[in-house]
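Consider the two complexes below, in which subunit A is the common component and subunit B and subunit C are the respective partners.
Our next item is the complex of A and B:
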């Protein structure tokens, strides 16, 4: 990315202070969100989200596996992000690894809850087939195709859309399996169960520039930030995860203020996303 | 496994000699200087070209030329990935306006019965030359060296010289057998080349329109 001149930096900071950003948005307005589902037909579910120039693709693949012994009634989900070099030349080879790891960890924290599985945004107990023996393993893989800021929000939205698009095949378990035996399973090719995504949280990132917070920052705006907090909020207004980035320290009262602003913004985002996802699914069904 | 049904339809509904539906788009990655998407059936690839830059690695330097880097990302692989990558790279370079002697398009073809063979062919439509990119004997029976496969020439984008490819180790098939599938692949390449030319023409018209010509 080309460096910004002093004039450009002042322009960005001044605009944010006056509630008019470089592209005309207000501080708490998102860029237009474009959702396409079913872009990767070979996966169980997939979606592509575009927020302005930021373009991310998320896919979900489901495989049968064994639950962890400590949590026999829960399935497993793993989230992995890959930054493609098409997004920026510096992502070639291992250049994008740091950013990928940071994003993967933040997404896992926001959507999957703690180590014990408590507080997960995604309901893991719906993934179990035979308790203690067979469960669904979901592999959520995300690819950043083009990066223009606010990757975490876009990835969170893409995961939500991909999960809405996911069909888990129906599994018939052979009756009469006893004790330690692995039961026979028959995976149906025809019938699919839609994943229930109404409880999946969205991620809202608030970027602090000067004394104000903005939502959905572009790359230039992110370069001027002092710190950023990403909050994952679900439909009920509960906070499912929180991540802070940036070197500057924040006063606790500011953090609480940012959390309440994020909750307020998340309502609009959830409604917008749900309607876009429904429209995308309807469009896909027609075609 | 039945690859061709009794009604002579393949697994995805195509006829045996038919190419899958392909689609191309220029400018898919907004922040890249130039980019392109190419889909052949379910195989989807994206390419992005970035600025010419100074060469970091001295060994890559050729006289006083700058290095153009383009990245190809495979979104979904459903066969023919190598061909799709070459086609998308051509589109992206064309969009970037990099001077090239010719387009390079690629297509693969093969036999899928008791004798199995897959070839991937690269084709330069303007110069009407083709080159063999990949040959996979899927069930090796025996190996023979073939020296005089006609018209096999290798062109690079910057260096316009005639060079023979290294002779490939292939199965002991009669030459006509091999020529048939090469011909099929070349026809496929020509179809892709025509399509790419149409896309380029459309893109240029769109640019002219935007500039108010």
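Our next item is the complex of A and C:
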């Protein structure tokens, strides 16, 4: 809980109503996004995203595993978010656990598509090495280092950046293995395959304060929200997932309006994020 | 079980799914496929509700949608735990769990955290929490048999149980989900359809106030499709709420007799 006086609350709400927020932004302006890639050398890919005081790290680890029998031609991806109590005291114990599961579920919903695997941002069939026998398991782990609102958007961006930074080792499958035998594989240390991250959606959270909605809310602004909708949109402008937060009810027409606003905002965000990621990757190669 | 349905005596017998090898239930290019249970695409399963299923609870309800069977009890309002801070608003504590035999593969029977938080978020907007400050209401849901669309059934059943417990609410909460299979939108999907779905949409709403309390979408959707899906679900929700309302009326009229 953020301790705000009545005056401060009115100031935030009044500012949003007049389209000028406490930090000078307009309602639909993001804070500057800072992207660093390759921050965790132990992982196959990693990225750190900072938006104002919100600071998150996302890592991707790839391990060889076995595909599930129902979908032999697909790899597996799991997303887990950790809200460490080092970021904020309320993340200790159950509070952090609840937030962690909520964020993890929302990210899975946004990035992994439907149960059949259709519409997934990450192409699961590209993770298969030998159909029905060997596939890559991607473990995407995110850490909230510092929280100042809008965690979901930051985490979504961090995952996108981490995946574009990920190199998966090329695997040589020894020929001759047949039937039920598990084929032998040789993992290359030098050759890495890059991921196609162009289909990965970005997440836009619209927070409703009063009668207006804002993007990229800070913790203080979030404390004044009645409800929020997180919408993930891909480059084609299709909605890839939607999660509602906050208990207050919304009129269905407002939901649809929020979706169209989110689509509009996402175009700018995707372009901005792509250029930031490209710049970060270029900076990493130089150093 | 006080409210055993008289018309469906086989309530608790497991569904006879002897088919071992699962075939894909539809072909992506086939537009005229038939749903496994013979329903139309925009046709919901017959809903059955009964309140007063558990005697010990302040309020309870049992719901049965095809093979999906859930029971929800509401306890309280009771005094909040001492460690909790003072609050002008009442607290809502939700928990959804599955029985070990609810799923085709034997489960753990533990709490389903994701569903619990979804249930909480769907209900808190509808309950007038100001009416029971400093106290907590517990909502415990148990899925006896999972037959698809479990969460919507749990949510609808829970709001009925809350109404049975006499907790003040703005409106009943009705919930309906929808699966996107290929080009078709299929309402109230069963377990098989859910496992093959390309996308899913879940709406919980208060039909009389025409407000959406919770909404989730998975998979890739274009805007017109979302519009269509939401409209289908909202229509189904208002129809479902009518059934729920008549169940409540029926319960009070029989208790008066």
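Heads up, the rule we're going with is that the second predicted complex is superposed on the first by the 282 of 287 C-alpha atoms of A that agree within 3 Å, B and C clash if a C-alpha of one lies under 4 Å from a C-alpha of the other, contacts with A are read in each partner's own complex, and residues count from 1 in each chain.
As a working rule, a residue touches a chain if its C-beta (ideal position, glycine included) is under 8 Å from a C-beta of that chain, and two chains touch if they have at least 3 such contacts.
Just so we're clear, the structure is a prediction, and the values are computed from it rather than from any experiment.
In this overlay on subunit A, subunit B fits alongside subunit C without clashing.
Touch criterion met: A:234 reaches subunit C, while subunit B stays clear of it.
When the shared chain is aligned, subunit B comes close enough to touch A:143, but subunit C does not.
Of the two partner chains, subunit B is the only one that A:86 touches; subunit C does not reach it.
Touch criterion met: A:260 reaches subunit C, while subunit B stays clear of it. The wider contact with subunit A, measured as residues touched, comes from C rather than the other of subunit B and subunit C. In the overlay built on the shared chain, the residue A:113 is in contact with subunit C alone; subunit B does not reach it. Looking at the shared chain after the overlay, A:105 reaches subunit C, while subunit B stays out of its contact range. With chain A used for the fit, subunit A forms the apex of an angle whose arms reach the C-alpha centres of subunit B and subunit C; rounded to a multiple of 10, it measures 120°. When the two complexes are overlaid on their common chain A, residue A:42 makes contact with subunit B while staying clear of subunit C.
Within the superposed three-chain model, A:244 lies in touch with subunit C and out of touch with subunit B [touch as defined at top].
After overlaying the two complexes on the shared chain, residue contacts for A:57 are found with subunit B alone; subunit C is out of touch. Put simply, the nearest alpha carbons of subunit B and subunit C end up 11 Å apart when the two models share chain A. The residues of subunit A shared by its contacts with subunit B and with subunit C come to none at all. On the side of subunit A, the complex with subunit B involves touching residues 39-42, 52-53, 55, 57, 84-89, 92, 143, 145-148. For subunit A in complex with subunit C, the touching residues are 70, 98, 101-102, 105, 109, 113-116, 118-119, 227, 229, 234, 237-252, 255-256, 259-260, 263. Chain contact summary for the complex, subunit C toward subunit A: residues 22, 113-114, 117, 121, 123-126, 170, 180, 194-200, 205-206, 209-223, 226-227, 230, 234. Interface of subunit B with subunit A (complex): residues 28-32, 35, 42, 44, 46-48, 50, 69, 71-73, 75-76, 78.
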